[in-house]
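Labels A, B, C and D are assigned to the chains in the order they are written; within every chain, residues are numbered from 1.
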Amino acid sequence: MGVTGYAGFELAKLLLRHPRVATPLFLSRSGEAAGGRLEGYYPEIGGTGSYPLEPFSWELLKSSGIEVLFLATPHELSRELVPEALARGLRVVDLSGAWRLKQAANRAVYGFEDQNAELAAELDRTAVYGLPELHREELREAVLVANPGCYATSVIVPLAPLVRSGLVDTARGVVCDCKSGVSGAGKKPTQKTHFVEVAGNFSAYSVFGHRHTGEILEQAGLYADELIFTPHLLPIPRGILSTIYLGLTRPVTAKEIEAVLREFYSGAQWIRIFEHGKLPQVQYSLHTNYCDVGFQLAPDNKRLIVVSCLDNLMKGAAGQALQNLNVMFGWSEREGFQ
Amino acid sequence: MGVTGYAGFELAKLLLRHPRVATPLFLSRSGEAAGGRLEGYYPEIGGTGSYPLEPFSWELLKSSGIEVLFLATPHELSRELVPEALARGLRVVDLSGAWRLKQAANRAVYGFEDQNAELAAELDRTAVYGLPELHREELREAVLVANPGCYATSVIVPLAPLVRSGLVDTARGVVCDCKSGVSGAGKKPTQKTHFVEVAGNFSAYSVFGHRHTGEILEQAGLYADELIFTPHLLPIPRGILSTIYLGLTRPVTAKEIEAVLREFYSGAQWIRIFEHGKLPQVQYSLHTNYCDVGFQLAPDNKRLIVVSCLDNLMKGAAGQALQNLNVMFGWSEREGFQ
Amino acid sequence: MGVTGYAGFELAKLLLRHPRVATPLFLSRSGEAAGGRLEGYYPEIGGTGSYPLEPFSWELLKSSGIEVLFLATPHELSRELVPEALARGLRVVDLSGAWRLKQAANRAVYGFEDQNAELAAELDRTAVYGLPELHREELREAVLVANPGCYATSVIVPLAPLVRSGLVDTARGVVCDCKSGVSGAGKKPTQKTHFVEVAGNFSAYSVFGHRHTGEILEQAGLYADELIFTPHLLPIPRGILSTIYLGLTRPVTAKEIEAVLREFYSGAQWIRIFEHGKLPQVQYSLHTNYCDVGFQLAPDNKRLIVVSCLDNLMKGAAGQALQNLNVMFGWSEREGFQ
Amino acid sequence: MGVTGYAGFELAKLLLRHPRVATPLFLSRSGEAAGGRLEGYYPEIGGTGSYPLEPFSWELLKSSGIEVLFLATPHELSRELVPEALARGLRVVDLSGAWRLKQAANRAVYGFEDQNAELAAELDRTAVYGLPELHREELREAVLVANPGCYATSVIVPLAPLVRSGLVDTARGVVCDCKSGVSGAGKKPTQKTHFVEVAGNFSAYSVFGHRHTGEILEQAGLYADELIFTPHLLPIPRGILSTIYLGLTRPVTAKEIEAVLREFYSGAQWIRIFEHGKLPQVQYSLHTNYCDVGFQLAPDNKRLIVVSCLDNLMKGAAGQALQNLNVMFGWSEREGFQ
């Protein structure tokens, strides 16, 4: 559901190619879209078929034999639909921020107004944060998967193992200077996403106030005053690069850092650890589900710069959702990717 | 008036720098803008001062001693305001399409609904098409100047002298394949101007139906079935390049073509004729008021390709308006440009 | 061979994914590359394995059991290597311009200096122009496939059926205004491909003199004075859009045009014909092997504009080469594509 | 001298417009350029005249009555030419890195091989770092002005006053995450500046090893282990944005920060301090000589993010050089700018 947005459409394309997924049902709430067809929004898929957009209804989901509901909808709507979806026995992968946060303080930024606060609180506990590399076991049986934010994924992937290793002097402060392509801002046209405002430009935004901050704190294991996370808008359609600055608790070697990362992600098929001094670029992971991680140690061996890259619509959204689907059903995590 | 749009803002900056223009009055109709300040829309000019946006009123114009009203407003509004402005003794330079067309058939595409049709028809006759290189004499005394369209300027400048020379086999058909940057589509955010839709993309639009067609026909002296004009959207903020294909009535030499162009534009300070085989590029005229013209003759000397370039916000809009101001007041045409 | 260039690398990625292709052998002549690894040039493929670059030698080809040699090399080198490759029983798909032209006059522009002119002339006759939609039958048994140029494909696909239908007034002249992304200019850095020269810019080049002209004439069935083909450089990495202007021999309906195109490409899996008035954009076919074709008829039904799009590295180079491989071996033409 | 590079050409355009500068002499060492003309490299200036490029010679400088020599040459050449230029009574503004560094340790990264080491050391002491906002008084009489690096300017302008105020906890570490457009990498085409490698991409480079580090340390007053400076390559032609992360020695208010900055730059015509929470964007200062500075204080009032922007070819190179010229001759610092 929500298939006409950028992340929803990316997911639609992935689902159509997935060998274990029968014909997906594409839902759309918006009046103009209902009764329409996906190729009306994205002519590029017209060559391979015609894809009707159905108005949302629980009956249709039931009669179609749907087992998993993907929500690429605004978080308010996800918050509203999920309780009933679970009650009806559906498993849900939610791409919005509705169910990602475990701590009420962090959830405050969203200002959720739940109809059944008790049930919502229970679901907040039940929901599994859908970063398979961190929560693979819980995801296998999860009924509600909270697909991570794009920025959050790019930061948590490198930070989680380093923080857990005890090598990071978190008290000194962790600086995450993050840069994202414009599709992360959604398909709705705004002044901020107007071509003339973005092309040839670059800017910081939501300084000290971006919604992904809570996810990063919870999943990386940091206190609020230990983290600075600054998003910037890149004049490119897709891709994220995060530059992360860390102080270390003791002088370390590059080998140690590399070992921490490689061990933690041993067997992880969608994480690529680069050797010391080779840094990933946005281009390397575009149109793939990889999160690339490289690092450079300061000459004093006490400060570390980590650079991570991913495609915000793939590992940052739709690709991650598909990977979660694979985990939920016990399939190979590469299934359905090229 | 209409200073918050791209062309209006470009004109505002030019007027502020013009040595013979006293402090301009910036008008804006929109509620949010009224009472606001220009630097709220364009922070980049904040360094040189603060510029209030005034709500439009005839009284304010009068009490401020305004002599010339520039309209960078929708054509419906220009059509509505101009009769009264002239009645009040103002001279008007209108950047919209409201008063450009002499032939009723060509005006049909705009669907004007004039309150006083007779007066409007008279003004249609009175208005001077504001391409100084074609109508310099009439512009000196003009009270209503219809500033040309951006595409139209890029096509008329090279076509007018060639068609008048009798060298063009117009019956064979004149093909104008034109490409424009995104600012030509205006500042209002739409799906079509969303960064993600434009970046890395290229497309044709308004094929056989663009509003500038009538201007080109009238000013270049062509019949409707002799012209094909096809606009395309370039993934750049500003700039136009038009590639024009002409059959010739007899074999000619490059020298002849160059002579026709140079003679026609002898003394024209904002037209640059390139020597045979050197073609202008969009970059050459960006942020200037030049219209650049180059050409390449086919080996058979019977077919000609002309390439013209200009900055759609300068010679294609605000720069041309300032040049018209200079002509209207008898100043040097370079006055106020850098 | 020639796997480090843009087209070569694109082909390498396609071959690695093709289910019927065993591990390909990647050859590279250049000293620095020989003995190197493909991921040294393109780090993005490092996640899926390590790919050695071998120095070229006939012995290595033989001992590796290679059946098909893809050449993504300069045309001089292709001209030199092909005779021996065929003598050794290899089938060759050549992505350069070395073997595309049937008429000696058209070949002149390349200035080939063949060691064995007689043999070369025979191979010129033997070579099959690798546009499967036009030469499918001959390609099945072909030993030498001349993979078409990127611009040429975008123009021939729409032109060939229309010219053959007799509806095109070729004497009136066919204008092809073509625009390509920068990867078409190759990977070697030059002033022309410097980011600062291209970004925000747009320009025409090789007017009346581009090498693809001969291919278009031969394959579309036009005389030299009937065609104008003008390439332009788009500030995008990949993609081509060609706008083609045609006069018609008699008034026709849109249905007729659509029927001509649909019939000719009936069964063609990589050609998408758009319905009248819907025009393809560059984005639609990026990263696919499609050539998209749309058209708009003039209100007088006597003039026609056709717009075609493709990805210059896919249907314009590597994708077409893979499609040719599929035809040569009797596999489905979609095999190996996603 | 060195007028064909990006910074040199920008300076040429500025000098041509400067009301107090007589016709400048454009020198070029390169064989192909010598005897050539500037419009051969940059056709866009052809409309305003023809500008010969002269081969370098001391005699020509003398006979032309040149008083100031601008060097936009490689640092090795600047290092070689300056001693003789000064001996001949010329004042020099050097845009390279040759004379910027006061500490030998910082100079090591350039590996200068001076013919007369003693003289060079003396000139290292004599040279004035050409950031007028920091060294205005010394610049008035300076004979050798070392024009700052582009990155360095964007970092030193905000850092210098804050560090001097004692509010910055430098021991905690200052992180400068800097992003620059491609013209900063020079005009010479390389793989790194190829359009296809840059467009749609973003990357970090020279991590812990960029040459501008020494300038920043010396001018901002920091020790090497207190600073991290990380350059990134933006897919835009020009412009720099630096995001600077600072810990504070005590909780402060936004007013205090703003006061420190405004006081330090009181009277500085090319520095724009933004009010708290309003951050500059790259677009705001493009094609101007401004360095824009904005900031955002953390909710805990103990951490500060500063964002600075400038045009790397203007305040980052040629504009700064012109501003230095104005200071050296006692003219208004805005003279010659629009």
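By definition in this document, contacts are C-beta pairs under 8 Å (C-beta built on N, C-alpha and C of every residue); 3 or more make two chains touch, one makes a residue touch a chain.
In this text, all values refer to a predicted model and were calculated from it rather than measured experimentally.
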Legend entry - A-D or C-D, whichever has more C-beta pairs in contact: A-D
Legend entry - Most distant chain from chain A, judged by the mean position of its C-alpha atoms: B
Legend entry - Rounded Å distance between chain B and chain D, as computed from the means of their C-alpha atoms: 38
Legend entry - Distance from the mean Cα position of chain D to that of chain C, given in whole angstrom: 46
Legend entry - Inter-centroid spacing, chain D versus chain A (mean Cα positions, whole Å): 39
Inset, instruction - Give me the residues of chain D that touch two or more other chains. - result: 197, 199-200, 235-237, 281, 283
Legend entry - Touch list for chain B against partner chain A, complex: 6, 182-183, 187, 189-191, 193-200, 235-238
Legend entry - Partner chain A, residues of chain C touching it in the complex: 17, 43-44, 46-47, 199-200, 272, 274, 278, 280-281, 283-285, 287-288, 290, 292, 338
Inset, instruction - Would you tell me which residues of chain C are touching chain B in their complex? - result: 172-173, 175, 177, 179, 197, 199-205, 207-208, 225, 228, 230, 232, 234-237, 239, 241, 243, 245, 247, 279, 281-283, 286, 296, 298-300, 303, 305, 307
